[in-house]
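Heads up: the structure comes next, in structure tokens.
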């Protein structure tokens, strides 16, 4: 019986995994399990019923009084407007035309758009939703494999957490007491490298299995040069203006990344107006769609804060800690184990939770490890480690059952796309993430070269 | 080009309100509750437009004139909180809450309805009632402490905005009652399956393309 | 032996937050050892249990037994407690400790926090704060006018009067905002923390002293019901652990600031002192603001009066002991 009580946190995971497959909304399953295990804990005297009161301040700080998350509704709204006004479709059509001779051209376009959007924000949910709305219907209509289509959206949509500006890197820098500016520079190349890996993978797999990504119908391919140029102008100018607006407002210091979301939303409205597509109906429809998505996303966020509280209160942290202590490994063994642990935690937790659990436990461990043959400067080891964790945490968005990217896609995709398609589609991209982590582990210069170049030591 | 797909309910044509057969009273009540949470959700949703305007005013005024932007920044998260809190119930009646449907897809429609009723009773209602209860305590505490902003330039009377979480839970419970009534009537053969959990999968593939 | 007591303690500072983080964790261990293992306080990282702004309510409700924080953070719950942690022109540490331990400061605090069911124990000190990072030089009060500056607490009230547009940005937003010029200036913390956040990459001028928050006493907040359940031995263990933490955190804070400033200077940061007339003018405005706040809130007035009376009485002693 005592054994059972000590491992209630583990049981909680098992129960969650099982209950999620009931098909009842994820948010309510997470919330219900949190309540249930709080009560079980209370029955065994390891959870005080007054602790339920801690749910509210957690929800409040996590979702409401949070200047970072206000970007979520703004980016979602911007995405819906772009989609409904047809501006985004024009851009995608252009990328499609430009890449039409390349295998998997449409998927390549998505990966490129994801990378560009990553440079405007670090808000994953918004990027995914936007990419999903812009490109998924088009890809499905053209007969793309549902797995490939959702996989490329999930992977490129999560690049924003790695490619600066990134809220995650800011918080990591704060927690580890290292320079955010330097961390931004350090994460730049690994982020672009991952984008490159996606592109290479798409071209390769589509070359060998053309059925996964059927090319455009022939009548669409034959287009006069004059019309093509016109289309390019019409397709590329609006989004370029918009990206310029979002990126520009950040880099010229007019707005924080969060505020840039509103600038982008206003820009999208102006573009819709300029193209004569703005109407009361369009705005009302955009408001409606955005609200439904926001309801879904934020109820999951609220419920997840309850779940992680009960997990922690039942001693889940200790289980992780004991597991690490029992290993007795050398520097490389321990680093690998830490990376594996982060990866494993990523299946269940979102990045903020993991950072809160993992960094305070792991960072001091890493400072004591001797990597002098690999990374000479002791301070640089911390930056290397931080970026490794960041790449790893990007994967956590992709891994089931708690892969937020997967939820966002499922919430946005047409019903014809089932969770099974999304799970299948994500596998090769998670594989690419692992390759990325291994490359950064083997070649720390990928992280350290740019900061060394740009910041005098 | 499927350009006019909805975001959270992509590809699903809105189902007509179930035609009342028997049990018309229960269905009429469900309809009224549905309209209530939909109205609240859309009212909150339109605040997104206000949010865009407020943030842009903050950005522009800060650039060109000296302005007390602490107030605007607090207004921003206040609006944001209104938007999401009012949307929970709306999202539920429209079937927008994400589900892992791998197994559920293989069940018969009546089984899904029974499963939904069980979920409402065992998971949704207990959780929402718990959050309602601790949420009221949370807002009440802010009221008795006369809690304001941490900044002298901020927005006072925090209890008002803190009440939005319990209000959101009331809307979610209302949506749950509407859905439960409809599921019950559906199981008794008195209505169509509710939109909250029963959407017709629509194939997007154009003929011959897949 | 005393019955075993297990507390959850929510931190406002992380265990790796130098120089105070290590002292907080050490404090819990000392309390446990001194109580013969019967008082087990478990430290939780910031946000792990409740977000930092929620610590006050959680301790007050007893949903967690304890919190470790700068209580000045919770002025929206009880305005006067700012004077115990993060107020402009506070006494230096010797004077502050004299007021707390022997001048009635603790008694007034107990009285004010009693309705909130919180007992606050003086339990550590953060290194003195700097006056802030500025992208341009500040030679006169007029140079501050029109600046957009991140500054928290009551210092913001004073600067608003000077014509500064104060910004209440959260911790993580400050660096990028300053780096990109969204804001012109920012005060964040002491030199050690500021250095590790890389502020030297965002602004060139670093001003001293931190008039807005010259001393930063930190507090162990305990739910009064939980505190009442302790035995006399456990209470003594807590007092000893906190007293030791106060002494050691003061000492380490000075060393960490000293070393950080040496490194920052070597990197070319322009370390400046405020012109005396700027400080004097800010002090005058702070006293006016404190009078205004006293008029608004009875508890603020009670604390302000206690502190001011003590300072008046102490001034003569302070003057006599001063070496030229």
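Per-chain numbering from 1; labels A, B and C assigned in written order.
The rule is simple: contacts are C-beta pairs under 8 Å (C-beta built on N, C-alpha and C of every residue); 3 or more make two chains touch, one makes a residue touch a chain.
Labels paired with UniProt names: A = TRAP transporter large permease protein; B = TRAP transporter small permease protein.
As the structure is a prediction and not an experimental result, all values here were calculated from the model.
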| item | value |
| --- | --- |
| Touch-based graph of the chains, sorted into line, ring, star, complete or other | complete |
| Comparison of A-C and B-C by number of C-beta pairs in contact, larger one | A-C |
| Geometric centre distance via CA averages, subunit B-subunit A, whole Å | 23 |
| Chain centre separation in whole Å, for subunit C relative to subunit A (CA means) | 36 |
| Distance from the mean Cα position of subunit C to that of subunit B, given in whole angstrom | 41 |
| Where subunit C touches two or more other chains at once, by residue number | 53, 57, 61, 182 |
| Per-residue multi-chain contacts in subunit A, two or more chains | 52-53, 56-57, 60, 65, 67, 254-255 |
| Numbers and ranges of subunit B residues touching at least 2 other chains | 73, 137-138 |
| Residues on subunit A engaged by subunit B in the complex (per definition of touch) | 19-29, 31-35, 52-53, 55-57, 59-60, 63-67, 69-70, 73-74, 76-77, 79-80, 83-84, 86, 89, 129, 133, 136-138, 140-143, 214, 249, 254-255, 259, 261-263, 265-266, 269, 283, 285, 287-296, 298-300, 302-303, 401, 407, 410-416, 418-420, 423 |
| In the complex with subunit C, residue positions of subunit B that touch it | 62, 66-70, 73-74, 137-138, 141, 145, 147-154, 158 |
| Interface residues, subunit C side, partner subunit A - complex | 8, 14-18, 44-45, 47-54, 57-58, 61-64, 169-173, 175-177, 179-182, 193, 196-198, 201-202 |
| Contacting residues of subunit C [partner subunit B, same complex] | 53, 57, 60-61, 73, 75-78, 116, 146, 148, 152, 156-157, 160, 163, 165-168, 182 |
| For the subunit B and subunit A complex, residues of the former touching the latter | 1-12, 41-42, 44-46, 48-49, 51-52, 55-56, 58-59, 63, 73, 76-77, 79-81, 83-85, 87-88, 90-92, 94, 96-105, 107, 112, 115-116, 119, 122-124, 126-128, 130-131, 134-135, 137-138, 161-162, 164-165, 172, 199-206, 209-210 |
